[in-house]
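We call the chains A, B, C, D, E and F, going by the order they appear; numbering starts again at 1 in every chain.
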Amino acid sequence: MALETKNIAKTQLQAEVASLKAVGYRFVTLSCVDLGDSFDLIYHFDRELQMTHLRITVLKGDTVPSISNIYFAALCIENEIKDFFGISFDGLILDFGGHFYLEEEVKRYPFCKVSVKEPQAAKEGN
Amino acid sequence: MGFFTKLLETSRVKSPWIVHFDCGSCNGCDIEILACLTPIYDVERFGILNIGNPKHADILIVSGTVNHRNAKVLRNVYDQMPEPRAVIAIGACGTSGGIFREAYNVVGGVDKVIPVDVYVPGCPAKPEAIIDGVVLALGKLKEQRTAKDTDSLAAELHQAREFYANRADRQVVE
Amino acid sequence: MDIKSIIFVILALIFAPVAGGFLAGIDRRLTAWCQGRFGPPILQPFYDVFKLLGKDRQVVNTWQIFCAHIYLISSMLSLALFAMQSDLLMIFFVMTIGAVFMVIGALSTPSPYSQIGAQRELIQMLTYEPLLVIVFVGIYFVTGSFKISDIVAYDRPIFLILPLLYLVLTFALTIKLRKSPFDISACHHGHQEIVRGVLTEYSGPYLAILEIAHWYDIVLILAICSLFWTTSAIGMFFLLAITYLAEIVIDNITPRLTWKWMLTYVWAVGITLSLFNMALLYAKSF
Amino acid sequence: MVSQMVWVSIVLPFLAAIGCLIDSKPLRSILVVGTGVAVSLASLLLVQGQAFSLNPETIFGIPADGLIAVLDFALLFVILGISYQLKNKLIAVLTVLQIIPLAFLELFLHGAENTAPSIYGDQLSMIMSLIISIIGSLICIYGLSYMEEHEHHLHVEKSRQGRFFFFMVLFLGAMNGLVFANNLLWLYFFWEVTTLCSFMLIKHDGTDIAVANATRALWMNMLGGVAFILGLVILRAKGLPLALQELISTPGVASLALLPVGLLCFAGFTKSAQVPFQSWLCGAMVAPTPVSALLHSSTMVKAGVYLVIRLAPAFAGTLFSHYVALFGAFTFLTTALLAISQSNGKKILAYSTISNLGMIIACAGINTPAAMAAAILLIVFHAISKGLMFLCVGTIEQRIGSRDIEDMRGLIRIMPRTAMIAVIGMVTMFLPPFGALLSKWMAVEASARLPLVVLMLAIGSAFTMVFWGRWLGLVMTSVMGEAQEPEEQSPLVRVPLVILAAAAIVVSFVAPGLYSAMVLPVLERFYSTDLYIAAQGVFINNIGMFAVFPIFLVMVLGVAWAARASSGKRVHQRAYSTPYVAGLQDPANPQRIGFKGPLGQWANFTTSNYYMDAWIGEGRISGWINLISSGILIILLTGVL
Amino acid sequence: MFDMTRTIIANFFSKAHTRLYPLQTREPFPNVRGNLFNNIEECILCGMCQKRCPSQCITVDKESQTWQVDPYACVYCGVCVEHCPVHCLFMESPYRKPAAEKVMNRLVQVQGPAKKTKGAAQ
Amino acid sequence: MSTIIPFGPQHPVLPEPLHLKITLKDEIVTDAIPMLGYVHRGLETLVSIKDLDQMVQVVERVCGICSCIHAHTYCMCVEGILGIEIPKRAEFLRIIWSELHRMHSHLLWLGLLADAFGMESLFMHCWRIRERVMDVMEATAGNRVIISINKVGGVRRDLSPDQLRWIAQVLDELERELDAIKPVLTNDYTVKKRTVGVGVLTKEQAYELGAVGPTLRGSGVAQDVRMTGYGAYKFIDFEPVVEKDGDSYARTMVRFRELYQAIDIVRQLIRKLPDGELSVKVKAAKPEGEIVCRSEQPRGELLYYVKGNGSKFLERVRIRTPTFANVPPLLAMLPGIEMADVPVVALSIDPCISCTER
């Protein structure tokens, strides 16, 4: 059974999300799947128990625009994904720098099957 | 054994104050520990109070798996308890890491970080089992030194710490 | 000071903590019954204190120890002064030494919990102190003296003349006993947003000292309550027993409230009640 | 003998003050210390004797009354000049309002010939003189080193200390004159001298805020001066003697002269900065600390309450008296409340001063022997402890660069000696068995028949406890085993501090003796019943008792026991534990106080007291306080008309 | 303000609800998932339980004929019991007692099923 | 001049390790920054070593309080991908246990709330009556807390008619006991003093910040995932419980009324319980595809995203728990309240950290 998602490009994200918000959707959450050399990011929205899903696919190492400026609620989940997958979000309101859940002892992105870069280098920017 | 020593021992056995630290438990064990305090099990019968402050407590009850972040807290909480003290690890998670042993952020059971006196198995441990565990720990409490022999304690702590420090480089499951 | 009053003082100093401990034990048992539990043994408070005395010392700084001792001394002193039947107001002021040092002890540690606890303790003191003074003034109005010897010699139960002031006194009693809804700065079981407030940083023997001092305090306040019925032992007993039971019930049926509420409510109610009682008194005397 | 001593205590400072103007440090030091020692000795010698009166006809060959009158005018014209300089019309008007009645009084009103002695000294005057001479001198001596530091701090090129000590020392003389003066015109002169000194010293640093606050102090005090002189005019017009003792012992004076007495009391209120005039005293805290200590806590403001206490027998039993009690109690209550909202140490001290003065005035209004005893004792104990506290705050400020009590957290670590002395100062301010509390106890028992007053006193004293208690506690905030920095103190600082601290304790201890020897004789002149008897260290009267010696004894033993239990020997370093921080302390460095918070950042503890600005901030309630107190004042004054 | 009074007064005058464990123990409910046992004589060492156990706490070793469970990692889910082909695994109502030492529950099969032999607990 | 106070991770009021760095001024919270991760185990990564049947046991242990519904939702996802229809009786039984979970969760929470504002007797009362529910669970499912009755394809245990009767009887008792404390919550001056007007979340805020469950319904939004009629809910009549005020009191009342609602739902389920199989056989399942399933937990809407890759190990299981969604509203509520109210407000969203962090 397939999930019906609307595939969009990374650049369209902000506009698309804003337009969803305008028609009364609320942000539910964001799921991320490691596809090997890229990530699938699926944004889930809900309006009166009807769901809509947006999907963007980004290459590893790419950054993604944050939607925490549109939905404050996206703040936690974006930080979480940053922890787990090492995806950087542009314009995150409150950035926990990859230590939302994880301590320094965890030296790689646990949810990636293959780490994005060398662990040391990957954590550098944070 | 003088009268006062005896009095002291009786008092220790009769008034174990506990502090409960939830160390990454799934709440299953937590609520069972709390259930012990409630009318049906009422551990206050044994003088047990959930005092919530390690500085006042005699027994540290730990539920849940240790992860990298709460390990430090667990350590700190334990450090702040004055002697004599005892540690009880509750549940599969507390004793060994339970079903989450292999998860990447899990260090393992409580004994990876601090010395554990009593292991209470179960998932979650039944309130009766927890009461049994506390009773078992009372024996420990009675015989434990009070401050005098800090050297062995220090060695013990050191060991545990070292062990924990080595865990830092633990491999993450692919 | 004759030999009789010296013996009386010594007896008071020895038996007050015993009585205080028993009261605390009974309190815990009855509370457990109110909650449908079995409850701890009556001697539990003594076990607790002995155990604490045998624990390792652990302090943040040495001032804490100093303050705990001063608290104990002043509680004992105020009880001794009471046993010597001296001035009520003076006893009250001596009691404040202890209370203030308790606060200082808590403030002397840099921990935010005990600091906040200390601030709240100050507010609690701020709440009950004027009330106690008013109660004493009320007693003075009736008996014409602040001296306990004169008050005891008064030939009618003061309770019948000043029932509302007695109510005001029980507010102070509740605060002093650290009972809901006024267990704001530190509560007995320590499930509080500020852990155990002023007691957070005390442990082991020093906590035991505070506990013993607290027992002295309880006994003293109950002794002050007993002044309201000095004509017969039975009357006094029932007054105290009912008061204590009422405290336990109140403790169990109310949540802890915030200090702002405490300050405004207790002052408003306390002052109104006392003024009302005073007005009644005036009305009667004319 | 007596007359020499009186001259030493009044005139010597005036002369020494002029010497201070010479810009030479050693000379100034000698002068200040010498004057201090001399006036202290003089006042001590005076205490040996009985009440006395003197009537000097001439001073240095000039007719005394005439000299005073001339000086009076001179002084007023100086102030007029100042008002011109400040371009302040209000002060000018107030000055003119004094010049005219004074001239009228001197030139046209010749009531009963003044036969009363101009100088009179009883035990009350002696107590005052003791306070002024000893505490005042100690503060001046402390000032010597303080001002060095102070000017160094401000980078003053040309030392202005000459001027500073001129007014400080001058002030000692003026105050001594004030308390020994019996002739009200003399008293008026000294009164105005203190006003001028105060103004000059507040604006000493010359900053804008200093000038503004000095101006405020000046006009408020001048307002009192106007009331004073008007009172004198009315007295003279009614044919009453212009002499203090004669006035209060005139039979039926309460009905005859309530208005002038009321006006004089009003002058006292302004000088003692009672609400609504509290703002000048708070503003005066911009002055260098010795000034605050000398003028605005221990001595000058006491002139106001001294006058009210002196006049108390004149209005005993009147409604006016009740209102004075109410007014004083109100000041006590509200300023104690305001003190809670402050974190500036000097401001707290200022408000606490006003509060205590309010208590004294309330006692004068209660007007029973117990209350009067409380008032006089409180003057003594307050002067000692408050002087001490000011000096401590000054010392602390020079070291840590702040007078905010929040910055004094853990002071015990940085300056253990001063902190300990400050602790003594605070403890003696509000805890039994020390004198200040003893007087408070007397006051409460004395006021027990006045419900409203006793209520205000009860609540006010609880407020007092709050702001002292927390200050006391946070000075001690520390953790065990932290490195203590050694503390250096110059002897010029240490000696006054230690003497005052010792005095605070010792004088409290001998309070029963002090009472019997010095206070009882004063009271016995006017009251015959309900007096406290102080026998075997226990104050006792028909409604209450206070066991000073027993409590002292037990507390001393207790403190010794507690100190032993908490001494470093008995508490091993191993017993140290970090404060409980929900398990987030730094185990590697337990001395580091804080916790590891969100984002993995270390957060140091900051804690602060509750100031409740939103509830009782100065800006919020001062208006109401002023309004209500003005109301009481107006009732008070219209009542006497 | 006094709405709780009725409840606590009622509690006060009725018997305490406390089960006085350990003085009195309640009969466990039937079918409660308590301690895990293996009837080792009947075990065919097929390893099904090991494969199915979500906590991976069973080790079956055909070589040394041992069946071992880590009772401190077992989550008492009963999955192994359900999947054992010969139903030699069973759970008994009493829970496992707390202990001061962690002891593995290691059973060695001396002889295969059908032949009655005793397993030795170590 | 402010006080910074660490709230948690070892804190007596919240049994769970949540850390808030709270900045106070005169006891008014001016700022609160959370720190999570004390319970984070990373169990979503366990999919790579536990097959899809074993994962049921793992997701149950996301949280002991709401374990049943976690397993239920997970099973719904896998069954959805595999296209399995499970027997109707199993659907009903799942919901019976789920609603029992809701009851015990709400009672537990109510007790904790009472403890947070210092009313020990109410805490004791709630936990005492909760034991009845626990007994039911132990007797019917074999364990008190983590009952493990779900499996992919159905349920593992049945309820006998005797047991059903007993449950009905327990529900009656429960209702009586709840009636006893009803006035305490609806009427009591002191309780209301602590909750009414504390931590107000307006309707707009709640909607916007993504609040779910009673937190959302307490603010007047009638959103309840059970309305979508998953599982056996399509056969049940119920209305979402809504309160308008958005303060702690409203949230308390939502949960309290949901207790009655849950009792009612279980009664309906027992009445309508059909006969039939307990499970369908799922043979060597190798799911492929993605799915999103939602369900209503005691704390609100739970979302599972499951992706299979054609092996018996799933590719990804992603759990969005209700508390996770309620954290931003909590952060929005904290500034401006009193320190003493922090535990009350924190508890009013019924935080469950182990769910949040998984």
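Quick note on the criterion: a residue touches a chain if its C-beta (ideal position, glycine included) is under 8 Å from a C-beta of that chain, and two chains touch if they have at least 3 such contacts.
Here the structure is a predicted model, which means the values were calculated and not measured.
Undergrad: Over the chains that touch one another, what is the least number of steps taking chain B to chain F?
TA: 1
Undergrad: If you apply the touch rule, which chains end up adjacent to both chain A and chain C?
TA: Both-contact set = B, D, F.
Undergrad: Which interface, named by its two chains, has the most contact pairs?
TA: Looking at every pair of chains, the most contacts join C-D.
Undergrad: Suppose each chain is reduced to the average of its Cα coordinates; what separation in Å results between chain B and chain E?
TA: Here the centre of chain E sits 22 Å away from the centre of chain B.
Undergrad: Rounded to a whole Å, what is the gap between the Cα centroids of chain C and chain D?
TA: Averaging C-alpha atoms per chain gives centres 35 Å apart.
Undergrad: Averaged over CA atoms, how far is the centre of chain A from the centre of chain B? Could you give it in whole Å?
TA: It comes to 38 Å between the two C-alpha centres.
Undergrad: Would you give the residues of chain E that are in contact with at least 2 other chains, written as numbers and ranges?
TA: Expected reply: 1-4, 8, 16-18, 20, 54-55, 75-77.
Undergrad: Touching two or more other chains, which residues of chain B qualify?
TA: Residues 21, 38-40, 42, 45, 50-55, 69, 72-73, 77, 80, 82, 98-99, 102, 104-105, 123, 126, 147, 174 of chain B each touch two or more of the other chains.
Undergrad: Which residues belonging to chain A are in contact with no fewer than two other chains?
TA: In chain A, the residues touching two or more other chains are 99, 101-103, 110.
Undergrad: Which chain pairs here would you call touching?
TA: A-B, A-D, A-F, B-C, B-D, B-E, B-F, C-D, C-E, C-F, D-F, E-F
Undergrad: Using the touch definition up top, name the residues of chain B that touch chain A in the complex.
TA: Those residues of chain B that touch chain A are 68-69, 72, 104-105, 167-170, 172, 174.
Undergrad: Chain F touches which residues of chain A in the complex?
TA: Against chain F, the touching part of chain A is residues 1-3, 26-29, 31-34, 42, 44, 48-49, 51, 53, 71-73, 75-77, 99-103, 110-111.
Undergrad: Could you pull out which chain F residues touch chain C in their complex?
TA: Touch residues, chain F against chain C: 3-7, 11-13, 24, 27, 114-122, 124-125, 128, 188, 190-191, 193-194, 338-343.
Undergrad: Could you pull out which chain F residues touch chain E in their complex?
TA: 50, 53-58, 61, 119, 121-122, 125, 128, 135, 138-139, 142-143, 146, 148, 156-157, 180-181, 183-184, 187-191
Undergrad: Using the touch rule from the top, collect the residues of chain E that touch chain B in their complex.
TA: For this pair, the touching residues of chain E are 16-22, 25, 54-56, 70-77, 95-102.
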